[in-house]
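Structures follow.
After this come two complexes, each holding chain A, first together with chain B and then together with chain C.
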Partner chain A sequence: MSDPVSALNGASFTGFATIREIGPLGMISLRHKGGAALTKAIKAAVGTKVPAQRRIEIKGEMACGWMSPDEYLLILPYAKVGATMAALAKALAGEHHLAADVSDARAVFRVEGAKAAEVLAKLSPVDFAKLERGELRRSRAAQVAAAMWAQDGGFTVVCFRSVAGYVMGLLIHSAQPGSELA
Partner chain B sequence: MLTLECPYCGLMADETELSPGYEAHLKRFGPASSPEEFEAYMFARKNPKGVHFERWRHSYGCGKWFLAARCTATLEVFGTYPAQVGEPPADIIAKIQARRPEWKAGWQPDGKDTK
Partner chain C sequence: MSTRLAKGGRLIDRTAAVEFTFNGKRMKGFAGDSLAAGLLANDQMLVGRSFKYHRPRGIVASGPEEPNALVNLGREARLEPNQRTTTTELFDGLEATSQNHWPSLEFDVGVINNYAARFMPAGFYYKTFIHPRPFWKHVFEPIIRRAAGLGKAPTQGDADRYEHAYAFCDVLVVGAGVAGLLAAKAAADTGARVILLEQAPVLGGRAPVDDAQVQGKPVEAWLSAMEADLAARDNVTVRLRTCAAGVYDHGYVLADERVADHTPGDGRPKHRLWRIRTAKVITATGAIERPLSFAGNDIPGVMLAGAVRDFAVNFAVSPGDRTVVVTNNDSAYQTALVLKAAGLEVPAILDARDVVTGALPEAARKAGIRVLTGHAIASVKGGKRVTGVSVCLQAGEGAVTEEIACEAVAMSGGWSPVVHLYSHCGGKLNWDNGISAFVPDPMRPPLNHDGSAMVECVGAANGDLDLSGTAPAIPPVWVMPQGAPIKLRLKMWLDYQNDVKVSDVQLAAREGYMSVEHTKRYTTLGMATDQGKLSNINGLAILADALGSEIPQVGTTTFRPPYTPVTIGALAGESRGDIFQPLRRTPMHEAHERAGAYFEPVGLWRRPYTFPRAGETHEQAVHREVVNTRTNVGLLDASTLGKIVVKGPDAGRFLDMLYTGVMSTLPVGKCRYGLMCNEQGFLSDDGVVARIDEDTWLCHTTSSGADRIHGWMEDWLQCEWWDWQVFTANVTEQYAQVAVVGPNARKLLETLGGMDVSKETLPFMQWADGTLGGFPCRVYRISFSGELSYEIAVPASHGAAFWAACTQAGKAFGAMPYGTEGLHVLRAEKGFIMIGDETDGTVIPQDLGLDWAISKKKADYLGKRGQERSYLASPDRWKLVGFETLDGSVVPDGAYIIADGTNANGQRNTQGRVTSTYYSPTLKRGIAMGLLKHGPTRMGDVVEFNTVQGGTVKARVRDTMFYDKDGEKQNV
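Up next, the complex of A and B:
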């Protein structure tokens, strides 16, 4: 088996905030209308409850985010994806659902530092002052789709792998020393 | 700039996070209809100065389609609602009538739905 490689091989940059490309991170896109079977399947897969609208439930290195009324994002260690996919298929057998391993389709960034929100505020139409803790915000970073949430004193940003270089460029440009907002 | 509340996310979404879907509540005329009806369905679109019903997609968010009632002249938004309805909900109509007493309900090209 070849080793998984993240989109930018862990590129990083230090400006007025620190940008790190992390990963590879296991991600499963799960679509289901909701119900007891889903609650049980999510609990078994990542150990969290089903997130409410626009929320992300984080437990250690695992998490479950609300993406749309019938879509959830499961985050887990890359090595556990295969077993979790099998467990989900078993737990949701007979239920109308879709579980897709999207780990290799995504790139994940960490933006850290006291002014991390300013880096993202320049790129997204998001009011970071109103972004609550545990809120997953799907929006855009300049011209491409991105999802972001606050975690461990910084932000985690998820985008498509095909635009990882573009997003890294955006974040580096946005975090240039001396370009802080006010 | 237009800011619409996505009824699925409960989020005030900026215009740049949305994709336009143009006129809402069109009635489809298929192969069994007359050429005039099909032409009207296919090409004739309202272009009102005032109250208008539109489809929008929260494309950078949840990806769902929803409908919005707004004024094309002032950009006032009367409300948004999920797309699984045949006509605007009563509370949206009431809101529009409260703000625009002269407005006559109507959202089909033939105007036959006037209440």
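Up next, the complex of A and C:
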């Protein structure tokens, strides 16, 4: 079998901020109405607590994001997805839930640099000055859905795989040297 | 002659000369000049021609209200029409050309309209071109359109880039004059996040020109202290060159930042459109001076008094050696004093008021300027520039008492607060008799969600025209002289750009126009690119007078965004070229590009239509792909197919409601074709459903239906059946899906190896998990072509590699990729329907002979009740049948089946239409499906389809299964 290839194969661009497509990254969409079993399953899967509304809990290379009142996004190394899916199935057996591997359905970008927020402020109606640590926004980048959060001194942006090229184009356009907002 | 003064000019840098051209003529200016200042400094008083009469036009104003001095700026890929010279910053190499003239600005043929002016009154176009009716579309409109429009539309793509940006604040202050600066500081003091927008490149508004002191300090010192104060605050953002264009509900404001208009080609975005969300808007947008209506007030050299002052103080530009000032208020006296101080002559100040005693008039008298109270201008002398004025009594009818030679006229008819932004969302105005202007009514502002005022006006925008806080008295002077006869009124311009005169508005009133909105459109008053910033109040005052009504009763026209024009480029922002719209690519997209695929849009996806080879037409390529798939094996990228997981204890019940058939009874490991309808019963989507485990199903949808159907499922689950235990997940993009189709399909998969795909282990309409060629996959044995067919889903990250592996393994078996058109032909040969071809939102499954896919046993499903309605249950509906043309030709796309007679509109009656029509390379003839009245009972009948060229194509009605009726090929 070949190695998994991310949508843009790690494309990058350096403007007034740095743009990198990263991945492939393991992602599991987990739907569940909540409760002790969910808390335990998430802890076992990615080592975090259940995130509160609009939050993301990050622990090393793993994370769990709140996506809706009954939907969570588990983030983990790509290679661990299979085992984690099996573990979730076991942990939540008998519970009404749905766990879907969406690792390949997404493209993930890192936007880094002192003015990284200015790149995103051109594309998303998000008040970055008030974006809290550990806050996850499900918003949009220009015309497509995008989720984003601050992490490691930059931002992680997630979009659908099929529009990775479009989003890369947006980020390159927005990070052009000389177009800083402040 | 207008010229540059030897001294002064607070905004220009005399050490930084810049060169620019106007109509090819080289001119010199300084850094800091506006283009208008640069033109005047070079004695270019004639800058354009008016719209209708092609009258000579000069610079009137000094700001965004300028109606006349619009130019084509730049050239080729940087050509921008209708650019206001007064707000265009001068830069080295700027190229401007004047507009609306032919063959030249100095000698313009269109000016003949001027001499015919009496034949082109208000509503001229409506009156003249109404008969004969067909002439409007074919004769009049094209001619008028060619004559219309001031600037040249660019013919090349825009060389510049644009972008949007989002911003958030508690208080947005618009306008950085004294009032705006104070408001920003006050808001910042409370800790609020403040954004301060200023359309000019500098702070200060009118104060540096009009006021010596602010809060007891010299104005320049006060300004620099304020600027430093705001700059030092973290919670204040000041944006220069940024014009708030529109205010919308919920504190949403659009603002246009002219980032690089003055530095073209430096790589920065030309404009940036700010999309600001604020809790409160404070408009400190100042006031705009009004012209006076006297005969000849449009001759180049007649300017607003404030503008004359601006040009003199800011840019050291003299409008001429001798300037006559004409006014109804004190502010214009400042202009006289400024000019006098600059060593220029002011032969007279003509003041319409009888008694004038204010401090400024006294200062003027003291400076030795002759002040004529109760006087007016009877007419301005000159053609392409002012040569003098005839003076008369304001109270009279224009008998000339005196003639004064001059080069310029500085006029002031009072000041109108800029209430545009306040009014965009419904803020109401009151008429203020003291200053003869509309001012915001603080009791009726536009509201926020909580009932608080969304927009507050401060300073001159609120009617506080003087920094002292004492409102000046500005009496109404709408016509000069008040008893002017028609001969003079015919020469009194209200709207300079659109050539609307006092006489036009009065004529409209006589013809019965009472509403200001109707009068505006009939006369075109205020409909030019300046949107009546100078003309509106004067125009409605004339209308009120003509109607014998009061101004408040007549009211204003509606203020709509944008305040000043925003270019399409700024509105489009980043959305151009490669990122004009999102383009969805499958994991195999690049491989298809390398293979020379010709793509077609499917929603936002781009799918290969066909893979043409050298020398092939697309049609030939499609035929080759179809034949190869039927005889060898074809590969289709089916990744775009929608894939939705539905799971939970109630999932079976849920799917039984969504689909017309029964999905709950589908055994694990098997597949079933299903139809979805909307509540009306109309067919909405179709696809194959696979039962994954006891409580999990995977629903395939059409490519364009994936998001819609997922939303549809969630809608029912969240809003109607919220207590059902069902979860869904749209996993469309998780998988790359490859259809391996044709007699050699199994051999190809066996070459890849890894799992048993034999007929026994994996029969038709079943699925299995496994590996092929080392790729983890799920294989569905389903067919949309009638051939032996497998659809193989692999994780998208392996999609490109798997496609390559299939291509490689297929070489020995004659594998070729095929595109969407081949897919269509293959399915049509088998009589399979396509959502969007056989359906159009008015078709129910029963129309398509799909009764077999509708459960008779189920109590309910979405659409069942709708389908029972008499019209949908009628036996007279058009129903799906197949057609074979008698001559083997292909029925034209979209053709109707004609019936006898004509309808009430004289159109031929119809009895059906084609839904799919192709040349079948397999059968070597045209085949078609279509809807025909009583179709299934008319087998063997011959019907006629109309054609685009005229005439008809005869076709025989038959069943829809053109190929392999018994399904032997797919079931091997």
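Going forward, the second predicted complex is superposed on the first by the 182 of 182 C-alpha atoms of A that agree within 3 Å, B and C clash if a C-alpha of one lies under 4 Å from a C-alpha of the other, contacts with A are read in each partner's own complex, and residues count from 1 in each chain.
Please note the rule applied: a contact is a pair of C-beta atoms (placed from the backbone, for glycine too) under 8 Å apart; a residue touches a chain by one contact, two chains touch by 3 or more.
Keep in mind that this is a model prediction, so the values were computed, not measured.
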First, second, both or neither for A:169, with chain B first and chain C second: second
Partner chain in contact with A:4 - chain B first, chain C second, else both or neither: second
Contacts of A:125 with chain B and chain C, given as first, second, both or neither: both
First, second, both or neither for A:142, with chain B first and chain C second: second
Touch count on chain A, higher of chain B and chain C: C
Contacts of A:80 with chain B and chain C, given as first, second, both or neither: neither
Touching partner for A:67 - first (chain B), second (chain C), both, neither: first
Which of chain B and chain C A:97 touches, first, second, both or neither: second
Doubly contacted chain A residues - partners chain C and chain B: 125
Touching residues (chain side chain B, partner chain A) in the complex: 8-11, 14, 16-17, 60-64
Chain A residues touching chain B - in the complex, by the definition given at the top: 53-54, 67-69, 71, 125, 138-140, 145
Chain C-touching residues of chain A, taken from the complex the two chains share: 1-2, 4-7, 24, 29, 31, 70, 96-98, 100-106, 118, 121-127, 129-130, 142-144, 160-166, 169-170, 173-174, 176-179, 181-182
Chain C residues within the chain A interface of the complex: 161, 163-168, 193, 237, 259, 266-269, 272, 275, 277, 573-575, 578-579, 581-587, 604-605, 645, 647-649, 696, 725, 727-729, 731-735, 771, 774-776, 795-798, 800-801
